[in-house]
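Dropping the structures in below, format is structure tokens.
In what follows, subunit A forms one complex with subunit B and a second complex with subunit C.
Now for the complex of A and B:
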């Protein structure tokens, strides 16, 4: 559109303004403002501003029903270092995320690669793997709570065939970690099988055929061709999966409530702490500081991803 | 990709195991929802109900507030879906087809904000809703669900594929930009818009954290919140809870199976972003 060669034009200010105005009209600036303005305003009001405001709040002793909310500087952050439950929650969340991410992605990658060798059946398997992904977290947790139930649960029943005595999956502080990881893997694995499937289909078949001609084994093809080419999508998946798991809350909320047999162990996670500090005790400034921890974590992951991609290009 | 016989056998076996792992728990809850209380608490547990009964569904539909929660959720999800379809398509259109100052920068900021979870910034949104005296209203439930960054990104991709000549031709015929959006863009991006609608609906339906925070009375509960609260309060009556879980899952499964092609196309794009 702007490739048309224009004759030299006078460059007095009114002329330049007139030309600018003509260009804006040609680009339909009025429509752009009317159409995009409201959407951008919504973005600012319900996303950009709240993110900035979260950071501001974290420097105040903010209580929603109080008139004066004093500035406390780094007070909230200092308290993060003394807060026992917060440390517990942070350690739990990191441990849970690491286990869940590694288990989910290894399983998803292995199955996505294997599915490529039975291409015809792949859509049916992907459909079956995807059922938990569309199951909302709350009913998903309700399902697993009953499976993990110490008295009537199917898991303990299945294990009884192997001579394992009944275990309190949701009562033992260590077992509940693995129980939550199992729920998370179950919920998310199908999504990443599909994502990896997209990446795998993009690998040119000729590369693998050439390797076949050279007599390469399946293992060598996997480690020398497939995995290196999958690097960007694996990185994307690690970041996405980590963020999802770092936010874990609904399954913890449901699974740690008392179950039939015995009260469950009170497994603390980061978002659970934000919820109870912010919305049960209304210490919103302090909860804001915990949100900033979450925010920093997510941001640093994104920056790592961004830098890794940039380095590639 | 791998044609070796051993790999193919390994594929059949391991993928079948994974399919069992993903499907059996869902079948298990469906079966449980049709069992009598005595059978649910029986040892050893049974898989299929020996005497299927609708009693649990009767209980949760006629003796609890659950139908109200379902209606609330349908309302919230529908309005949210319509909002997201409008905001995503119009913003996607503008980003795809118009030049304006700071276009790239604005788009980058939007994309960057996408990955930040609501949990990280929900406190100021809550305070805002509180100051507007909107706590415990439908408006509050819907507010954070009116925009979807992935929707804008996705619709931009779809609309960039529509040839500029079509737009130019319409302009020569005297069409306004808004008419072009309504008649040409929406028509030609129907499939993409459908995919975004499905994502928006399932996302609103499954939302748990935000209703938990802004809702304070039972009549405003969504199904997810109602289910979680029942689960904590009446954990000994597993039958009706299982029935509630089934009611919450089934619409998602129907939507997914009916529109899986659109959904898979959408996921493929979200992966391409990486």
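Now for the complex of A and C:
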């Protein structure tokens, strides 16, 4: 009996797909690109493209209502040096962020350390602290607006028991900064209590016991053992808190004169300025330049923070 | 230097579980005492109470002539080596060793001198700039010991310090700890669950079980004269064989095993065991007292025959495992004996070394 040699048959589509899939898995880089491709594409469309478009617009005198939007180069950036409200917003934002970041993180760390000593009740307190985090900014700010009200507000009412005269928390140009910081701290502290709580729980109990036996006081244990070991968590918290506070807008919009007819001081912040220039005056190009400055400023701060918190070799 | 005195110390967790039950222990100055026992026996809790890391529910702990019940750990002048070393991961080896001295405000030159000296003793001078994560298990163990010795404390506490090391390194470090104690004589309390570690290191061994001290004594004393069935079974590897027996007088005091094997009690033990006639007893015999039969039979040595269940050649000896009346039995025979699994093997039981345990009290009589 002789062997019959058949001509090669064209393989079916599923077989070819399976072979292609196997080949792609062998080619690791190709596989990674294909697997991550859709996510990367979405990321580019949603994240990268708007940033790039904002940077492009910042070189144009772009106005929504005009047909002609000429290229002005660094003209928008040059105007930033002359823009008084922008300077005021920049200073306010820096002051607000510094105070809010320091107050939020110190308070969160103190709470997290205290909660560690009441291990069983800690989750309940963490939940209570976390409630403001999940409350949207606008309703929370409306409630705080009532609390800060000079005539009917709960804060002035409470202070009256201590003989403190009525204060215009949202009307006084100095007090409004602290009022806004208080709202920001109230809103964000729960998030960082949880983050610091996780960091503290990750420190082995034995290390603290060893420090006890080594003769370290509670303060020395905190500064020499706990904080250095929490360096990555603290860096994450400082970076996150800085970004959140530099981008502050909703509470300022609701609590200050920017909201409709509210009798309050017009406390300017960078994002508020960007909003006004972009969506009130339609100077999109100039608002874009302000966005770029905000971006560069926050990024520079983050680089400094990363350098300050990096582990010494 | 100072001794440690533990007087009627009790530890109760959350008002319910009693981990340590009114123990008494005197540790002399410069003595090396090992607390040994199975998991959950209260040995680590006892050590942590001496360190001040656990509160004492009742009783007193004295270090030297000072009652330390309410003294903070940092004021007890003790140093502890933890099971997981507890080295500060963000500090170099030097800083780990110097930390305790820095907290006590020693001058910089003195710190440097002490750290270098301790590093020299432990042979870790070359590692002083490294971080703990760049060290092997054995090196970390040395650093942990270095951190303890630089402070020259009154008492050293070791909490299962070798249990994270592999078998070979454990033997090596065991020798080094012993050598260290010989070099720097300091009162030492050492906790382990490994009875070999306890026997090789200790001046005295404290055997603990279920929150109580079963027996305190020198290693050889515990081995040859255990006070209770627990100590007899816990100390020694392989463990002592236990066989239920009836003690009866048939013109001579004899032991009858459950399957009818009769063993005569050696003459030297007759007076001691006589009062226990008719009681349910347990015969305890170490594997080295169950050997192959030699040509010359000595008084008190009796022949037992049983089929071999398992043969374990150890190089320097062979361990044979049997079952007699359903009870496991281990024998130690010379390495040149030729034996096979399943064959009936005649053993010489040296009853001169036997232990007889009263089942009612659990005590060796």
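As a working rule, the second predicted complex is superposed on the first by the 254 of 313 C-alpha atoms of A that agree within 3 Å, B and C clash if a C-alpha of one lies under 4 Å from a C-alpha of the other, contacts with A are read in each partner's own complex, and residues count from 1 in each chain.
The rule is short, and it goes like this: contacts are C-beta pairs under 8 Å (C-beta built on N, C-alpha and C of every residue); 3 or more make two chains touch, one makes a residue touch a chain.
It should be emphasised that the depicted structure is a prediction, and the values quoted were computed from it without experimental measurement.
K.L.:
Would you sort A:295 into first (subunit B), second (subunit C), both or neither based on which partner it touches?
P.N.:
It touches subunit B, and subunit C stays clear.
K.L.:
First (subunit B), second (subunit C), both or neither: which does A:118 touch?
P.N.:
After superposing on A, A:118 lies in contact with subunit B but is clear of subunit C.
K.L.:
Quick one: classify A:229 as touching subunit B (first), subunit C (second), both or neither.
P.N.:
second
K.L.:
Thinking of the overlay built on chain A, is A:220 touched by subunit B (first), by subunit C (second), by both, or by neither?
P.N.:
The second partner, subunit C, only.
K.L.:
Where does A:94 make contact in the superposed view: on subunit B (first), on subunit C (second), on both, or on neither?
P.N.:
The answer is neither, since A:94 touches no partner chain.
K.L.:
Looking at subunit A, does subunit B or subunit C touch a larger number of its residues?
P.N.:
B
K.L.:
Given the touch rule stated above, what does A:167 touch, subunit B (first), subunit C (second), both, or neither?
P.N.:
In the superposed model, A:167 contacts neither subunit B nor subunit C.
K.L.:
Between subunit B and subunit C, which residues of subunit A are contacted by each of them?
P.N.:
On subunit A, the residues that contact subunit B in one structure and subunit C in the other are 212.
K.L.:
Any idea which subunit A residues touch subunit C in the complex?
P.N.:
Touch list, subunit A to subunit C: 204, 206-207, 209-217, 220, 224-225, 228-229, 231, 311.
K.L.:
Which bits of subunit A are touching subunit B when the two form their complex?
P.N.:
The touching residues are 27-29, 31-32, 35-36, 38-40, 42-43, 45-51, 53-54, 57, 64, 107, 110-111, 113-118, 121, 125-132, 134-139, 141-147, 151-154, 157, 186, 189-191, 194-195, 198-200, 203, 205, 208, 212, 218, 221-222, 226, 232-233, 235-237, 239-240, 243, 247, 249-250, 253-254, 257-260, 271, 274-275, 278-279, 284, 287-288, 291, 294-295, 298-299, 302, 305.
K.L.:
Going by the contact rule at the top, pick out the subunit C residues touching subunit A in the complex.
P.N.:
Checking each residue of subunit C against subunit A gives 51-53, 72-74, 76, 78-80, 82, 84, 86, 88-90, 99-100, 103-104, 147, 151.
K.L.:
Show me the residue ranges of subunit B that touch subunit A in the complex, using the header's touch definition.
P.N.:
1-4, 6-8, 10-12, 14-15, 18-19, 21-23, 25-26, 28-29, 32, 40-45, 87, 90-91, 93-95, 98-100, 106, 109-110, 112-113, 115-117, 119-128, 130, 143-144, 146-147, 152, 176-178, 181, 202, 205-206, 208-209, 212-213, 224-225, 227-228, 231-232, 235-236, 238, 241-242, 244-246, 248-249, 252-253, 255-257, 260, 264, 267-268, 270-274
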